[in-house]
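So, here come the structures, one by one.
Consider the two complexes below, in which chain A is the common component and chain B and chain C are the respective partners.
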Partner chain A sequence: MLNWTYRELLAAPQQLLASVAAVAGAFALVLFFAGVFTGESRQIVALIDKTDADVWVMQKGVGNMHMTTSFLSDWKIDAVAAVDGVAKVTPILYLNSVIQAGGRSWFSYVVGIEQGDGRAGPWKSAAGARLPGPGQAIVPDIFASDAGLKIGDKVRIAGRDFTVAGFSADTFSMANSVSFVTLSDLADTMSSVGAVSYLLVDARPGVDPAVLAERIRTQVEKVNALTRQDFSRRDFSIAVQMGLEIIWMMTIIGGALAVLLTGFIIYSHISDRERELAVIKALGVRDRVIWAAILVQALVIGLLAYGLAVGLIYLAIPLTEALVPKVSLGMSGDSLIRTGGLAVVVSLIAAAIPVRRVLAVDPVTAFQQ
Partner chain B sequence: MFSLTLGNAVHKPARTALTILAIAAILAEILVLEGFLTGSYTQLRQAVLQRGGDVIVSQKGVTNFLAARSILPQRTRRDVESRPGVASAHPLTSISAIYEADGRLTPIIVLVYDDKGGPSRLIAGRAPRKSREIVIDRSLAERYGLSVGDTLTLSAYDFTVSGIADGAAALFTPFAFLTYDGLIDFYFESDVAADIAAFPLLSFLMVDVKKGFSPVAVAADISANVPEASAILPAQLAANDENLGRELLGPIMNLLLGLSYGIGALAIGLFSYAAVRTRRKSLGVLRALGFDTRHLVIGVMTEALGTVVLAIPLGIAIGAGLGSLIESLAPVYMLQTLDPTALWRTALIALVLAVLGALAPLGSLMRLDPATAFRG
Partner chain C sequence: MSSTILHAENLTKTYGEGRTLVRAVDGVSLDVASGEMVTITGPSGSGKTTLVSILGALLRPDSGSVIIDGVDISTLSDARVSRLRARTIGFVFQAFNLLEALSVRDNVLFPAHLAPGGVRAAQERADELLARLGLSKRRNALPGTLSGGEKQRVAIARALINQPRLIIADEPTGNLDSKSGQDVLMVLHDIARDEGRAVLIVTHDRRVEDVADRILWLEDGHLRDRKQDDHEWVRDPVCNMAIDAWISTLFTEHQGQRYHFCSVRCRERFTATPERYLARFETPVKLSERSPS
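For the complex of A and B:
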């Protein structure tokens, strides 16, 4: 029976290939949804993760950066700097806004950094100046190429024109790219002189960031302080919150599609061999052996399709980066395992329907026609 | 040939039904994606248009409503109301906040209004009247099991839910509505009090134009004569936000749609190929009876087109059902699965894919040996 299973799978290689390709397409769709979600979510916390401060200090009652406004009176910079264990405090102003250039608009985190201090500035430069000067902006390279921007061109942020002084790399995402201007320019634009949004705190060597965050919360009036990990996790969960439901639902729809396609393929595969199976039954092969043979065929098709889907996605990641650089794709072990599990379940469910039909076949049919 | 094609379809009803169902499912998945995209753009437009007013005034140079910070000085209202053609200017303030409860975080956009710009459709309760009252969108209410009379805490400040709004969400974010009394008390009594000077008190003005005046002319006059303000028609502001949504969602969703259409092409090709392979013997008989390749191709193509034609209405029905299901499970999303443009486009592309898919087994048909009919 094992021989038959193997032979029948390879009897029509083109058909097997087409079957595997169609099912792989459905699994690739599921993985693609997850990949887009993972890639974008990672980019949303890029500023927090890449600047790598030990502790982030913000207004009390605020615990996020995404979709939030935080303001701290600037005297709190000195108050935080005076806390035992603090090595350096870097203030930033932050605006979640729209940038306009070349007749187009993008969402962007606009970060105001102290002039000449790169601590909270772009972590990777692509061209031009690394840090902004007065009246200047550093914008993401992908954003610049999409808008046809050159160094020296103008961009409009919150109603004010800035000159593009440089392009940063690894700062673009569909949901929120990151642009940099000087703190005083942004304060002027936001009419928030005397206030900053967040403080990036570097701890002295050997100081536990969690302990330092607790100390800052206790000693400085009306601030919240979170370790970089906590802050990043909270912002990531906002991204998840905003996109997870639709991704989950599309994953379920994609999974249902995979069930149907796999079902169709296994059904066709088994239907085409009904007569042979009737002969096998007539020869006295037990039902559970036939069950096993068909389930193995279904599993092979499902797992081959899954393998092809994973290959397609890993091929799609660099291709997407090259052809559609605005889309960030990422793959997580969780989504690979989840989709792999889905492939196994889908294959077994898809095989269950035709196998029951085959087992109901009268062996006599083998000798008719 | 047509009756033969029909006969084939009827001969194996389970296979035919499964094929139609699978193609319908692919079309439904495409329609859900298209519906999600169309619905998201509609939400962005509605977020502006539901606020009312003939002209909307924002901070100078700010030409978006959502996700754009606009701060107007308090005196702007007086300056705008003094311009010719302006009947009244109604203040509106937009604040982003995070609602945290039950270990979950949800971003919300709080719209603070006076007498214009509030919730356009309430499904329970009433608009806020007292300072601690708040109206929230249905999606937020359902996510956290909140009803009228319940407490909603923002930045350690307790509001009472006075009403539940419907269709008050955009960009995957539910809206909440407060009065200005509520905003002032919130600023003073909540955790944000320490740094109130930096917080926005006025973001937009919704302007009613006097009879006989053109909104376009009034907007131009305000932009020219109120230095800190830009005035724009609501339709244009809505279009700007929709364009922003297209920049945000377009590349990803178009990539996913492209992938879905690719899977559709593969699947339809596979169905046609499988249909030919399983009927090699009967097609061999036809060849032996003198039917040439052209006849066989027409037969296969008719079958593929017929299958897709039957799958289209089923796909639309499944897509509409899935769209309604998603909206009921997560009302923050709007899925316009029955948008005529998307329906026509999807149906047309499905028919083209059917024709292309039917060409997949062309090689098999051309190589088909009449002797196949007489082999066991």
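For the complex of A and C:
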């Protein structure tokens, strides 16, 4: 029976290919939207991941960076540096703000770094200076090309004009970009005196970051300390959470589309083969076995479509980066598993659609000419 | 020693109700023994398909019983009836009904999935059947590339793969040329004789009468025995054509007498003015009880 099930599908390879491609389109849609959210969410934690500090220290009660404010008194820099196992402490000031240039505006993390210290600065330079000097800003290259900015042009950050000294790469996303100014300029802009936002802590070799974070939490008053992985995971999940409803909505729309397509394909397939179904019923094959064969066919179509959709998305990632650099596309294990599960559910529902038709096939019709 | 494989008693099946009620099968009783080849024949619409569907456990009768190889199928669930069909009955259809996606060999092996031992146990038998039916060289061919005769031989091999006690063949020669039809008939004949299977053939093919052990005539849902040489030759009172009343389906009753016609036209002319034609024939226009042997 399994032999017949597969041969039936493969008997019309072009029809099978068209079916799989159509359903793959629906799954690719789901994966694409999930990919956009994943890519954007990864960009949101790019600063945390790329600067690669072992431990992040922040104001007590704060546990993430996205859409958050953290203030630490600057004396805590020395207090943290004094903790056993700390190799280096790098303070940053941080502001969620809007950057304006060329009549356009973008939401951005504005990161104030100590002048000349690249530890928390841009991780990849596209053009010009890598680090900002007084009155200067390093902005994302895509931001610059969108606004038509050149090095030496002005951008407005939190009500103050800065001169563009360089362009950074891999710092732009549609939801959130990262721009860099000096710590003292940002402190001045924020009217913040004697305070920083976060401390990037590098551990001495051999020191477990989790142990170090625990030490900092217990030894330094009113701070929270998280390993880079923990801090990044928290921000990433918050970012994804923000888009979760849209992702689910797209999953449901894509899933419904896939159910309709697969259901129609399976239903048509059965309608075309009612006589063969009548014959195999006459030969003694039971309805539930026939339904199981149809389910296998639906699963084959669903899973092949899923595989094709995954392939298409992985092809789309470099293409999107090249053609639409503003869009950050990324795949996560979660979205792959979710869409894989969707493929199975779609197949189950699609196989259930023609059940009545299968049951209605009368084996007696096998005797008809 | 032969034993009864198929026993049907007082089968009735009706369709519709009230004025549209049709008695497709009406009080039919029948026995087919092992080694016996029985033919059911009759005019179109006489209920042959309904009867063969009931006898093949594909359709439940309104009343009556069917016992196949000692099992009363009216007492079985649908699932067990399916299993009985798979293991006890082999079907041969007029339209061959091969599974187009499967090769000849896979078609033959298809019912083996439903039998104890499965396909593995049936592989050798499939090859034997293909060899016996002259299909060894076509074992990997797809049905679409076969001739009608080859297709029907594949269908016969498929019907035999589970070694069923009963073979039901519906117009097995209906779509074949005379040579292929003759071959298929001889194969079915040998199956009954050599393997002791009960073979029930529904057909219009007069050649089957030459090899069948019994011929049954079904008309208006009623079944009656008919010997090979049973004919009742009468004349059409309108055109004087000789007609076999056994198989004639065009007739009318007039003054207690049945008159047979060669065509609807003759019957209409007779019905309009029977006196005109009866005047030519004072006695019923019967030629003989039996045809010359």
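In this text, the second predicted complex is superposed on the first by the 306 of 369 C-alpha atoms of A that agree within 3 Å, B and C clash if a C-alpha of one lies under 4 Å from a C-alpha of the other, contacts with A are read in each partner's own complex, and residues count from 1 in each chain.
The rule is simple: a residue touches a chain if its C-beta (ideal position, glycine included) is under 8 Å from a C-beta of that chain, and two chains touch if they have at least 3 such contacts.
None of these values were measured; they are calculated from a predicted model.
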Which of chain B and chain C A:Ser335 touches, first, second, both or neither: neither
Contacts of A:Asn3 with chain B and chain C, given as first, second, both or neither: second
Touched partner set for A:Ile280, first chain B, second chain C, both or neither: second
Which of chain B and chain C A:Lys60 touches, first, second, both or neither: first
First (chain B), second (chain C), both or neither touched by A:Gln136: neither
Which of chain B and chain C A:Ser271 touches, first, second, both or neither: first
Touched partner set for A:Thr182, first chain B, second chain C, both or neither: neither
Touching partner for A:Thr90 - first (chain B), second (chain C), both, neither: neither
Partner contacting more residues of chain A (chain B vs chain C): B
Overlap of chain C and chain B interfaces on chain A (superposed complexes): none
Residues on chain C engaged by chain A in the complex (per definition of touch): 49, 52-53, 56, 58-59, 78-79, 82-87, 91, 93-95, 97, 99-102, 106, 110-111, 113-114, 158, 170, 174
Contacting residues of chain A [partner chain B, same complex]: 12, 14-15, 18-19, 21-22, 25-26, 28-29, 32-33, 36, 40, 59-64, 66-69, 71-73, 95-98, 100, 104-107, 156, 158-160, 174-175, 190-192, 194-195, 221-222, 234, 237-238, 241-243, 245-246, 249-250, 253-254, 256-257, 260-261, 263-265, 267-268, 271-272, 320, 324, 326-327
Chain C partner contacts - residues on chain A that touch it in the complex: 1, 3-4, 7-8, 10-11, 275-276, 279-286, 363-364, 366-369
Residues on chain B engaged by chain A in the complex (per definition of touch): 12, 14-15, 18-19, 21-22, 25-26, 28-29, 32-33, 36, 59-64, 67-69, 71, 95-98, 100, 104-107, 155-156, 172-173, 190-195, 197-199, 230, 240, 243-244, 247-249, 251-252, 255-256, 259-260, 262-263, 266-267, 269-271, 273-274, 277-278, 322, 326, 329-330, 332-333, 360
